[in-house]
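Note that chain A is present in both complexes that follow, paired respectively with chain B and with chain C.
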Partner chain A sequence: MRDYGAALASADTVSVADSSDVVSARQMVRTLAQRSGMSLVHQTKLVTAASELGRNMLVYGGGGVVRAATITEAERCGVYVEFEDRGPGIADIELALTDGWTSGSGMGLGLSGAKRLVDEFDISSGPDGTTVRILKWGR
Partner chain B sequence: MTTDSKLPLLVETLTAQRDAFLSQWTRTVGEDLQGRLSLAELGRELGELYESILRALTGGDLDSHGENFAETRSLLIELSRNRARQGFTPTETARSVFSLKEVLEPTLTSDEKGAQQYLQFARLLDDLGLLTTEAYVRTREEIISAQAEQLLELSTPVVKLWDGVVGVPLVGTLDSARTQVVMEKLLQTLVDSDSTHAIIDITGVPTVDTQVAQHLLKTVVAARMMGAQCTISGIRPQIAQTIVALGIEFGDIPTNASLSDALRQALKEVAEDATEEIRGLL
Partner chain C sequence: MTDRVPVLKIGEILLVSIQVDLEDQMVMDLQDDLSNRIVATGAKGVIIDISALEIVDSFVGRMLATNAAISRVLGAETIVVGMRPAVAMTLVELGLSLQGVRTALNLERGLKLLRRISAGRA
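Moving on to the complex of A and B:
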């Protein structure tokens, strides 16, 4: 995945500390998606991915920060979202990305499903926390 | 009168002119509240407060958090709670206390000794006024969380759609608390209305993620355990595509695009069940 960090200079931010914050993060992403002219299907996919990653951050990472910004290129427009937590990290990322694998009582589809719902997906994780970056183009 | 008070002059004045001060205080507050509280009730409230402040002042120190003012504090908390419930603003509530300053000012500030005691008393009233704001906010928070709970109840209506068919139109997000309420209501309504079919409509659910899906599945399983058939309706195209991409499978749970399709299907099945029952009897 390319580095879209620069776009975050003008990012919207939501701190996630409880489940109502996940709803706020979702709303922030939806607003940006609408603003960038994304189709309803793409909007819904992006918002759902944000919901999964936001909740993982809350449940397994003890909360964190969601930052989002629109990306404009010559031919296309998209939304970039970053989820950063300072939790224990994911020991085995490949395992975590396996459909149906959960360390808790979930469906084990959040992480792998979120990856399928967006165009670009990047995850880095260590003992200091986890950061997931996603991007979805408008069409 | 013997007193340990640090403000003997104040206590003396408050005692001597009790009636005049109290009626003026009541009038001032009454004007501020613009008749939304009867003067009689206000007079009683402020009278109690006046007496308790006077007793506390007579007792000695001026610490609003101290032992002396315990009674005053509980009266104020009760007053703020009532005002919060009656819809008065926190400012109006605090002003009820502050306005005693206005009432006393002309009498006390005419000489230096009085002015000094007035200032100390004014500071005490400021503290007491702030106390009402704290209590007010706490009460509002209680009211809001009670309303949120009620809303949770209200926003999960379970209705009998037809003979034998119960519908659950879900609106908003489906978290664990909500799922619990929906599930209980659904199961109870199935029993009460002697229904065999349940339709859970998710037209009003903006995001169906793995958590929502898991909660939906749990609800369906519970309904099935009661012997009811369960359908999920109102799956809009964008939601269908998202669910598929996420990898969620609803298994053998019937789904419908619209509530009316689901209802038509359920009615057909209810009719078939009835025919079979009749055949069984013959």
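Moving on to the complex of A and C:
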């Protein structure tokens, strides 16, 4: 995945500390998706992915920050979202990305499902925390 | 304290119409409320209207499946109605097929389906 960090200069931000913040993060992403002119199906997929990743960072990472911004390129427009937590990190990312694998009480679809719903997906994790970056293009 | 989703009783049916963006705690409360109301009222059917929901993620999807299973054990059949097309497409791509959950396009068809099921049982 390319580095879209520069777009975050004008990012919207939501701090996630409880489950109502996950709703706020979801709403922030939806607003940006609508602003970027994304189709309803694409919006729904992006917001669903954001919901999965927002819950993951709360449950497994103890909360964190969600940043989102619209990305405009020559012929397309999209939304970039970053989820950063300071949790214990994910020991085996490959395993965590496997459908049906869960370390908790979930269905094991959070990471793998979110990845399928977006166009670009990147995850980095270490003992200082986990950052997931996603991007969905408008069409 | 978070809001609760109301559970309405109409005859032998419990109707749940979800009108707000669901927080995880509300989803868990609804599961409790619904099973308690089934037992308290002896309801034979449950209809969950999700036509106002803009997304159904794995957490809400699991709640729908678990509710259907719990209700069945308690003698009530659950029908989920009103799923938006974009939500259905997203759910399937997410990897959730809602196995064991009966669905209908809208409330009217859901009620018809419930009547047919209870007639078949009688």
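Everything below uses one rule, namely that the second predicted complex is superposed on the first by the 139 of 139 C-alpha atoms of A that agree within 3 Å, B and C clash if a C-alpha of one lies under 4 Å from a C-alpha of the other, contacts with A are read in each partner's own complex, and residues count from 1 in each chain.
Quick note on the criterion: a contact is a pair of C-beta atoms (placed from the backbone, for glycine too) under 8 Å apart; a residue touches a chain by one contact, two chains touch by 3 or more.
Here the structure is a predicted model, which is why all the values come from computation and not from measurement.
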Kindly classify A:Leu109 by the partners it touches after superposition: chain B alone (first), chain C alone (second), both, or neither? both
Should A:Arg67 be classified as contacting the first partner (chain B), the second (chain C), both, or neither? neither
Thinking of the overlay built on chain A, is A:Arg133 touched by chain B (first), by chain C (second), by both, or by neither? neither
Kindly list the residues of chain A that each of chain B and chain C touches, one partner per complex. 19, 23, 26, 40-41, 43-45, 47-48, 51-52, 55, 99, 106-107, 109-110, 112-113, 116-117
Chain C residues within the chain A interface of the complex: 2, 21-25, 54-59, 61-62, 84-87, 89-90, 93-96
Under the touch definition given earlier, write down the residues of chain A that touch chain B in their complex. 19, 23, 26, 40-41, 43-45, 47-48, 51-52, 55, 99, 106-107, 109-110, 112-114, 116-117
Could you pull out which chain A residues touch chain C in their complex? 19-20, 22-23, 26-27, 30, 40-41, 43-45, 47-48, 51-52, 55, 99, 106-107, 109-110, 112-113, 116-117
Chain B contacts chain A in the complex at 173, 175, 206-211, 213-214, 237-239, 241-242, 245-248
